[in-house]
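The same chain A turns up in both complexes below, where it pairs with chain B and then with chain C.
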Partner chain A sequence: MARHEGRGMASVNYPIGMNLGGDPSQALIHSNPDGKFTVALSAIDLGQGMKQVSRQIAAETLGVPVEDVYVDTADSDTGPHDMGSFASRGTHRMGNAIIVAAREARGVLLEAAAEELEVNAADLVTDGRGNIHVRGAPSRSITVKATAQAAQFKQGKTIAGRGIFLIPLSAVDAETGEMNPNTAFAHACLVADVSVDDETGEVEVLRMTSAYELGRVINPRMVEQQLVGGAWMGISHALYETPEPYYPNPEHGPRDFNEYLMPGPGDIAPYHVTVLERPAPDGPFGGKGPGEMCANPVLPAVANAVYNAVGVRVDELPITPEKILRGIKANGGVKPGPRRGGPVNWR
Partner chain B sequence: MATMEMRKDLFADERDDNLNVIGKGVQRQDMPGHVTARTRFFDDHAFDGMLHLKVVRSPHHHARIRSIDISAAERAPGVRRVLRGADVPVNKNTLLSLINFGKDDEPSLAVSKVSYKGEPVVAILADSEAQAQAACKLVRIDYDLLPAVFDVEETLKAGAPVVNETYPGNYFEYHERFDHQKLRFGDVERGFSGADIVMEHRYQMSPIEHAPTETNGSIAAPEQNGRYVVHSCAQGLFFALGTTAKIVNVESNQLHFIGGTVGGGFGGKVDTLTEPLAVLGAMLTGRPVRFVLDREEEMLYGSPRGAERIYIKDGLMRDGRIVARHIRSYFDAGAYTRLSSYAAIKCTAHVPGPYWIPNVTSDIYVAYTNRCPSTAMRGFGVTAVDFALEVQMDRLAEAANMDPMELRILNAYRDGDMKPHRRAAKNTALVECVQVAAEKANWPLSEQAKRASSLIGGGVGERAQIPATQLDARGQIGRPDTRSGPVTQVLPAGTSRIAPSKQPVMEGARDGRAAPTQVPRYEPPRPAAPPAPPPYQPAPPPSYQPAGSHPAPPAYQPPPAPPAPPPSAAPAQTQHGAVRFSSVFGTRRR
Partner chain C sequence: MAKLPVQFRLNGSDRATFVDPASNLLDTLRRGLGDFGPKYGCGQGTCGVCTVLVDGEPQLACLTLAVSCEGRQIETTSGMADGPNLHPLQGAFMDHFAAQCGFCTPGMLTAARALLAKNPQPSRDEVVEAISGNICRCTGYEPIIAAILAAANAPGARRA
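Here is the complex of A and B:
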């Protein structure tokens, strides 16, 4: 009996958004009389951080502090139409709609400020801390709050904006599959180190090392949350989960978390991610979307690492101890592959 | 356990990092609520007199319904109403009918037959969940068992039991012509015959349960004026609203959906599983109705990630270049379409993975089987094929006696390379991801691989061209005999049949590169120039003065960075002619 270490890798890309075509998102933004902004959407926060991404994009575009922006989603009476939160589309599609809305609201804000300061709106800039001033003449300034009050009670202006971002529908050719997916693509490469026990067939993921290219990172803490959580889901997909363990035989399905296999805290592997940013030309500040893809490279990287460790190809997920032991037996024993590289360059 | 670092040096000349709050790890606005349990999810809304809805599910994989007897259930304690298929105003729907894709094929409550174990047949509304569950046991349904089919390839054979009578061939029908979605690019047969090594392997992705912390559910309650409020965990609020309005046959503004804060979804909350019956129950009883799946229902009948069976055939040269790839894949939709028809399209656009290969074809099938309908899940249409592709790549590396990283870099797509769906790649970064991962993992690369770049070598010569392409008429609807057939036509090189749709152009973008503030040109029309400021006259203070308002402007501090420029007054260029989204392919709903 022995444990065998192995190393495998995989590289992937991922399309952002629906490519069935006709993929719109809308956003409405308005200020209250104190210069505090509300972004009304129908996007869904599933825990991934849609509200916060929207908030940061709105604050950046408006030029106001992030604390002065609140995102209200999703109420069909007040939030305009959105397709939904799926297909890694939220940041990209909704982010662009918010930029359009915020630019319009910002335009009115600067016009109102210009009226108060008796200058041309084109000469005004914001400092991101709640002030508007003349470019090159910082002493000629007014707060966003005073501007909003003047707009509401003196000038009769709505500091508000509306935005839509639409990826137009695309046909798909029946014979060639030609189409316009019209999306940005994110990229990743992941290396998995595993240990395989040749007596029990158990696989332990020792560590993972990856690089992700995601366009502009809007909020690095939330990107980390997505990439790490998704990678652990990838381990779960690779080694544990299925409601039909003898698929296509539909029997023996689990009914609850006692019977449905998932990794526990002790099965979580140390993980290092490096993030690259190649901005998407059509993304909000170049953003793409890390939502879905972060589980994908783990599945094949673990399968390839298992092969490297013991010489067993498991082509049917999940990679269970039973499949590994049967594979070792069929091969007449463990057949380790070539050693790949040395200890990782991180701790 | 986990660490993340940023490599700001890569692609630095394509970014302006001079931003105020973008790129900062500021705390989420919703996080304090989440960790102090003040966040309200759909099930945190209580109503007086709320009823609980539970459904009676089919115990059989495939059976004809001979009779349904609800008399005992109706008399059971606490039961207020029992619903059958005939009570549902529009008892047949398909989710993507909202974008005119596919035919209505799934009832809310089964009428004449059940096609999977767990299919809802009768709904009970009672004062308590326990009473509803007790009454479910009193419903008597008489079934005639039918033969069932569970394998995606068996179900496509002649003589297989018909799972879904809307699609009698047990496959989704593409373009009203074919039993699968085709991808054709170049001449794979010639590619295989010229290859040094040809290998084909079969891969099987398992079904997966989404396992969200919060199970699927909703609460519907009468509002005034014939409206209904619905607290929903839908991943697409208007998808759920539109689907519900169609099924209960009301105008969309009679429904007031509230959601947006969801306890995990992963794709499993796109199906609108509970809202239609909850609203229907509220309409018929005048009472608030709560319909929430328990954990066992979520796990067994809450629509999983569908299984996929994938065959990949590759032609490889000894130097590691892949010269031809054919993929044949079967999505297991379960008994009804839900979203599988879309996954096959997405998969088709994803083939052959992030590589440039001169000859690529694929045939993607959506097959119906007698199991719970599958649906979207994280990486829909991509996760399974990525597993298959990347294990296959590992095999190719071994066959070429090449390092797996080197094989990826050699074959990686680069800017300007033509993809098989006949659009050029741009904004690529696979090569750099491989290089950085190798470096961090201490996985040695050759000097040549280290020097490779996504910006170099793509779109050169044939890499930028649409090749002459072999077409066929294989797999015509209703004719399994045509699944193998001859080449019918050779499409000349450079042929494009689908008009390129306009990309949303970003204001401020130069040379396709990101600008500090990128705005698609959808901005509503604005005056050509801002109105001149009116003559200054000291104004009286605003009548409205919130407490503590009107502080003196804070002392000026030099801005850390030049902020976004003021909005351009350039005329708006709108390009969205389509207000009502619709698909121009597939079967239109009539």
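Here is the complex of A and C:
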């Protein structure tokens, strides 16, 4: 009986969004009389940061402070149509729609300000702090708030914008079967170091190291949050979670959190992530999105690490102690793979 | 069945209500008294989202009979902030991005609060132990551990 260490790697090219019937997202933006803006979306924020990223993109495009943008999401009765928050598409698809809407709203905002200042709208710039002024003449200025009120109560103008971003349906080429459903790919590589106990079959993830290329990182802390949380979920899928261990036979399936296992706070591994930024040409400010790929490479990397450690190739998830012990027995003992390189030295 | 009166202090205020003898504290807090701080997760004591403090001890409100709380001090996350001033743990959770969907957050905050009340300078292992009854699906726990260590002003608040 002994513990065997092994290292596994995986890389992933992850398509942003999917396209089975065209992939549109819409955004509507309007100003309120206090000079603040509301972005209406049907996209959902379930904690991944959609609202914050939408807010940043809208504020940047409008040229107003981020505090002055409110994002109203997740009511498909009142928001414009959206395909949804899935397939890592949120930042890319909705962000692009927001930029289109915000550009239109900004155009009206500057027209209204031009009327008040009696100048040409093309000569106006925003300072990002709530003011609009003539380029090169900061004293010739008006606040966004005063502009919104003038538009509303004097000029009878709606400072608003509509945006849609559509990836059209990609038809399948009848001759070759080719299609091109995706416009942006994110990339990652992850290394997992594990220790496998050949008596109990238990796997401990010792550490993980990864590099993620996600286009422009619009909110670095939220990207980090996604990647760290998603990696935990990857470990959970690789080693713990299973709805029905004898699928499609539901017998012995878990019924509660005593039986549906997930790694607890004591089971997490040190994780080091490097984020690389290569802005996507068609992304909002170059952004793509971390989304699902936070978890994806963990699974094959852990499976490869287990193989490297004890020579057991498990190709059905989760990688349970039972499967490892059966594999060791079938192989006639532990057959560790070659060791390459030393420990990843990032501490 | 006849309802029973129960009185306790909830976040510093005296509260009284009538409960079924079999009512649990979670149901009494949420439906009876309108305190939606503690959440209903599994209802069988395995997820930790309903954690409240009873006389300073963390307890799973879903497994606590309401009548057993007669005369006790109940504290929930609803009473953590002092007006507009957040509790240091709440501030640390924000600073460390320790919440994503937020469903586990009340239970995590309460478990952490009980820990720091007894052990103001916990080690990382002690923090892990204190929140080991609370399940989080989003964060991978690391930001939560970092937030609690930071709130305790402990060395090594953030691991690489």
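What to note about this one:
What we mean here is this: the second predicted complex is superposed on the first by the 335 of 347 C-alpha atoms of A that agree within 3 Å, B and C clash if a C-alpha of one lies under 4 Å from a C-alpha of the other, contacts with A are read in each partner's own complex, and residues count from 1 in each chain.
Simple rule for what comes next: a contact is a pair of C-beta atoms (placed from the backbone, for glycine too) under 8 Å apart; a residue touches a chain by one contact, two chains touch by 3 or more.
Note that the structure is predicted; figures quoted are calculated from it, not measured.
In the superposition on chain A, contact is made by A:256 with both chain B and chain C.
Of the two partner chains, neither chain B nor chain C is touched by A:134.
For chain A, the partner touching the most residues, choosing from chain B and chain C, is B. When the shared chain is aligned, no partner comes close enough to touch A:205: not chain B, not chain C. When the two complexes are overlaid on their common chain A, residue A:39 makes contact with neither chain B nor chain C.
By the document's definition of touching, of the two partners only chain B reaches A:177; chain C does not. Once the two complexes are laid over each other on the shared chain, residue contacts for A:233 go to chain B and to chain C alike. In the superposed pair of complexes, A:224 makes contact with chain B and with chain C alike.
After overlaying the two complexes on the shared chain, residue contacts for A:266 are found with chain C alone; chain B is out of touch.
In the superposed model, A:121 lies in contact with chain B only, and not with chain C. When the two complexes are superposed on chain A, the residues of chain A that touch both chain B and chain C are 46-47, 221-222, 224, 228, 230, 233, 256-257, 262, 268, 270-272, 346.
Those residues of chain C that touch chain A in the shared complex are 42, 44, 46-47, 97, 99-102, 127-129, 131-132, 135-145, 159-160. Per the touch definition, chain A reaches chain C in the complex via residues 46-48, 221-222, 224-225, 228-233, 256-258, 262, 264-266, 268, 270-272, 346-347.
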